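Next up, some structures in structure tokens.
In what follows, subunit A forms one complex with subunit B and a second complex with subunit C.
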Partner chain A sequence: MLITLFGVAVIVFFVIRVVPGNPIAMMLPPGAGEEDIARLKALYGFDKSLPEQFVIWVAGVLQGDFGTSISTRQPVLSLVLGRLPATIELAVMALVIAIVIGSVLALTGTRHRGTRTEGAIDVTNGMALSVPDFLWGLLLILLFGVLWPVFHISGRVSPALDLPFATNFYLFESVLRLRFDIWLDLVSHMFMPALALAIPLAAIIAQLLKQSLKETMHLDYVTLARTHGYGENRVITREALPNAILPTLTLVGVQFTFLIGGTVIIERLFSYEGLGNMAIDAVINRDLPLIQGIVILFALMFTLVNLIVDLTYALLNPRLRHG
Partner chain B sequence: MTTLSKRSLLKLGAASISLAAVGLPAFAQNIDELVIANNVSLPSWDPTVGLSAVNPTLQGMYQSVFDLFIAQDTDLSQVPGIVTDWGWNDDKSQIFMTVREGVKWHDGTDLTPEDVVWSLETAADPDGGNPIQFIWSTVGNFQIDGQRITADVLRFEPTIFKWMSFLTGYVRPKAYIERVGAEGFEAAPIGSGPYMVEKYERNAFVRLKAFGDYWGPKPEFESVTIKFVTDAAARVAEVESGNAHVTLEMPYEEFDRLKAGKLEGVAHPVSDIAMIFFNDIEVMADPNVRKAAVMAVDKQAIVDRLLSGYGVPIDTLQTPEYAAYDASITTPYDPDGAKALLAKSGYGPDNPVKFKIQTTRGFKPKDYEIIQAIVGLWRRVGIEAEIEVYEVAKHYELRATDQLAPAAFYNWGNSIGDPTTSTGFAMFGPSPHSVWDGEDLAAMIGPLWGEADETKRIEGWKAVDRKIAEDALVLPLFQYVQPILHAPGVKVVPHTSGALLPALMTRG
Partner chain C sequence: MSFLEITSLSARVGPVPILRDVSLNVAAGEVRALVGESGAGKSMIGKAILGTLPGAIHITGGEIRLDGQDLLALRPAERRRVIGQTAALIPQDPLTALNPVRRIGPQITRRLVDILGWSKRDAEARALELLAEVHIPDPKRVMQSYPHELSGGMRQRVLIASAFAAEPKLIIADEPTTALDVTVQKQILRLIKEMQQRHNTALLFVTHDLGVVAKICQKLTVLFGGMVLEEASVEAFFAAPQHAYSRALLAATPKYTDPDQSLTPVPQSILDDLQAQLDFAERTTT
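Right, the complex of A and B next:
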């Protein structure tokens, strides 16, 4: 994992410096001369060679200092850690919605296999997959933000609310503190972006789980369960589902990392104050230290999620556990 | 065991939606708290340091909290602000300023001439990080006598007072910043402007509260929330749904559509212009090619067809609001004349002259489409331009290193309307912002930087603009018009600088 992170660090550090467009050029006011350019470069440490800059940055990172953001003039680590909870809460909410919708569709499709209901579910899945998440976002804004304004269009929480929280996990902490007024406000802000992220993932889950269930339904032990007189609902949920869910679990893990990546566009669309929104600003402003910090954090999250998925899979699959 | 019926599921769904609706803000009936959906987010609160300090789109938020040294009216003219009286002595070896009495900082302490001097001195500090340090450092050795400040002119800069209404020209609280430090100021900024910062969430919103002791007219709205909604579609949805009362910078088609419905709109020319830089390389060294490229562009048609009429065609880098605007300088649309000029250089529709044109895509309204249209107009007369799309960050870097393509689209802002900050920096070869290296033009511009006679200075710049137009050294396109949508209960007064100022908004 450390090697992966170091590789990401090397790539991101050098690539963003090779790409045209640097923060000093963007900062130059009309009338700035060569001396002003040199002064600004020295001020932000860009007057040193690339290897020197890299060594200074890595040395700082190893001591927990990711540098200072050029655009906000705040420590990068506190900025990204401050925004991370918002993105995690959004991604988790999207994942929960996706699992619920996907599972319901898969179970319903399996229960009514060969009927029009299954056909309708397949068509719905196809539609959900063929439209990207940001278009779902726009559609949801039109539907539930403008035509039938029941949810908030932008932001994470209403500015008028006073937040008595100690952490930035607002949703989680609002439940712990029994502040359901704030919880409700948070949910009404998060629901549309989370749903936009969840729809394509729900379709993937539904497709894969339905396919797995169909295959499992033909296995001998399922037939045996039927001969014991179990009803179809019980056969599906109690007998077939535990085995059929394993491939879906792996997929969910992989897709969760993509889902975190997807938050970048969705957070921008909904002006949600997460890491993705901040990443876009950082790129626009060529805020190199902030870009580096965000990419490293994303890489860390991806590797951690993959690790958790592998461990969970091993836990749930006896063949791997004892193999 | 209880079972979940379809009916109870429906009930649950309806209840959830009703509950969600409870959390929504009151829509625009009786506006107690003004909500603005702003197109940019504010990254930092110090208006004198770093990237934010030179970002024109952030100045409206800064001006709500901080005062400029010299205030600026909506038509860009300078009016008394913190500094009520200003000027040079007779031989221009000193400047003087009178500081307004009775001004308070948001923490209730007095704003003093010491604050003004400290703000100017820190801005001039080479290690302080102020990007406009090269202007502020032209005066020094400040003396305070009561409310009057004098300072020595270290290098004569005719625009020094104009800069006092421009980027980084803000008065900051000396004692407070020395007490809380830069980080403390960032966390809890105070100024002397019409609004105080009540709450700020980076990337999300800022909540402002009217400052009761403000020296100027009291703002009508006691509370203002500025939400940072960077996506244009979401911004439009915010006002359409009633979640916000005011927004700006949306596609002109959307502006027209919504203005025709329940919302109201203001469209006002601002100090930003669209232009095409010519770099004196390759075929652009040929005056016939340049002149033809200018004559072949029908600016009015572009404004009418691509910008729904929201734009003012221009023929120099000055807009009518600028100090050196000269309506007699024109470069009329003349495709036949363009063909004749190209023919002189051996080019024509069958043997087109070829070069590259760079443009952003989506950075400004219809930027790419405008360049496509211009390339189409050029093709008719015998110019074949290849379009290269780049990010604006790349534009800055290429321009600073004089590596722009022969033609490059850009928008130039100049909210003080002085010719130095438009024609001057855009066309003076030694400037890192210019890609035109012609020595004759540089020789013409050179003496104007330090010209002490204001009338002579402005006339000099007009002569420079005439030469630029005659030699077709740049292609000015049009002045932008800023669309602002608002709820019927709000009256918005636009500012020519493009700053959206809540202090100018009233109930109406």
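Right, the complex of A and C next:
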């Protein structure tokens, strides 16, 4: 895991220095002299050689210092950590929506296999899969923001609200503090971006889980449960489902990391104040330390998700738990 | 009156007949073998009784009476309840017939609680008692185990214990030893026979192995192409099989006393005869 992160650090550090664009040039007022340029370069350490810069940066990171953002002149770490909770809440909400929709579709499709209901579910899945998340975002804005405005289409929370929170996990904390008025406002802001992110993942879950349920339904222990007197619904949820989840879970883990990547564009689309939105700003401003910090954090999230998936898999599969 | 009465049962996949006018009785406490080659429809009869026929197969006529109740006339939920209470299955492959993510204990006790309304404590006591009856050492530990921690023979013992758990009146054993190796086969056969006698359960034993039939059954029914060819007691059958196909089948059984003898297949002329008979039946019924 550490090796992965180091690899990511190396790649991002050098790649963003190879692509054209000069952060110093962005900061200079018109008519600045050679002298000013040299002074600014020295201030941000750009006068040293690339390997030197890299060593200084990595040494800082290891001590928890990710450097200073060029565009905002604030420490990268506090900037990034301030935005991280918003993105985590968005991604988790999208995941929950995807799992709920996906499982309901898969179970319904299995219950009514071979009928028109299953056919309709397959068609819906195909459509959901072939449209990318940002297009779903635009469609949702059109539907629920313009034609039938029930949800907020931009931001994370209404600016008029007074937020009594100690952390940036607003959604989580609003429940803890029993401020359901704020919670409702947050959900109303998050719902559409979360749904846009969730739709393709829901389709993947529905398709995989349905496939693996159908295979499981032919197995002998399912037949045996039928002879015990269990009805179709019990057989599907209690005998087939715990087994069918396993192959789905691994893929959902991979897909969830794609979803986290998808937050970058979706957050931009909905002006949601998360990490992804900040990443785009950082790239536009050539804010190299900030880009590095955000990418490292994304990489950390990806590896953590994979770790959680592995642990959950072992928890649900007794053959691995004791093996 | 027989405990299981099947009268003129017919089933089809699309236009293809699977069972043709099958009639079959199993008296209480009787052990009947259902013999035939692959595709003869012997497993399908078991599945038809238990209500687990694949979706593509439709029953087109006949009656299945279990303890006097006409199963096919019952509503599905009611039918499942009757089957769950009075009949049980010993499946063919013990490696796939236990749910891999659940412990053995609940796999035996859960339906006693869910379907038959036992208390959890009673069900667990019953499961322990049965695991001991099927000669499983350390039943307590096995209750806590997952299927992958047990050998094939052990799993089949668990499944036999589970089949007898609700004191069913009829057990359908669908080639219960085919998936096991030869030494274990013998033990499992002996165990099924022992359990059947102790609980005085009727047993419908589906097999293609006449050697097994001779060991544990009293009556036998020979099937070919979904049609009953011959019904006899086991002694009468082995002394003098009536049907030409039965004689050929018996001759085709390898003898363990003479391992060098080459196998005799069922002669083509007999198979052709039977096919002609089936075709004729098809023309007269449709």
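We take it that the second predicted complex is superposed on the first by the 323 of 323 C-alpha atoms of A that agree within 3 Å, B and C clash if a C-alpha of one lies under 4 Å from a C-alpha of the other, contacts with A are read in each partner's own complex, and residues count from 1 in each chain.
As a working rule, a contact is a pair of C-beta atoms (placed from the backbone, for glycine too) under 8 Å apart; a residue touches a chain by one contact, two chains touch by 3 or more.
Since this is a predicted model, take the numbers as computed values, not measurements.
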Evaluate whether subunit B and subunit C can sit on subunit A together after superposition, giving fit or clash. fit
Partner chain in contact with A:Leu219 - subunit B first, subunit C second, else both or neither: second
Just subunit B (first), just subunit C (second), both, or neither: which does A:Ala160 touch? first
Which superposed partner A:Thr227 touches (first subunit B, second subunit C, both, neither): second
For A:Pro242 in the superposed arrangement: first (subunit B), second (subunit C), both or neither? second
Report for A:Asn317: first if it touches subunit B alone, second if subunit C alone, otherwise both or neither. second
From the CA centre of subunit A, what is the angle out to the CA centres of subunit B and subunit C, nearest 10°? 160
Could you say whether A:Gly114 touches subunit B, subunit C, both of them, or neither, answering first, second, both or neither? second
Comparing subunit C with subunit B, which touches more residues belonging to subunit A? B
Figure out whether A:Phe270 sits in contact with subunit B (first) or subunit C (second), or with both, or with neither. first
Shortest CA-CA distance in Å separating subunit B from subunit C in the superposed model: 15
Quick check on my understanding: which residues of subunit A belong to both its subunit B contact set and its subunit C contact set? none
Can you list the subunit B residues touching subunit A in their complex? 17, 19-25, 27, 33, 37, 41, 43-44, 46, 49-52, 54, 126-127, 129, 131-135, 167, 182, 186, 199, 201-205, 207, 225, 227-231, 233-234, 237-238, 240-243, 390-394, 396-400, 414, 420-421, 424-426, 430-433
Would you pull the subunit A residues touching subunit C in the complex into a rising list? 114, 219-221, 223-231, 234, 239, 242-243, 316-319, 322
Report the residues of subunit A in contact with subunit B in the complex, numbered from low to high. 20-23, 25-37, 39-40, 43, 69-74, 79, 82-83, 138, 141-142, 145-146, 149-160, 181, 184-185, 187-188, 191, 268-271, 273, 277-278, 280-281, 284-287
In the complex, subunit C residues that touch subunit A: 50-52, 55, 76-77, 80-81, 83-85, 87-89, 91-93, 96-102, 111, 114-115, 146, 148-149, 159
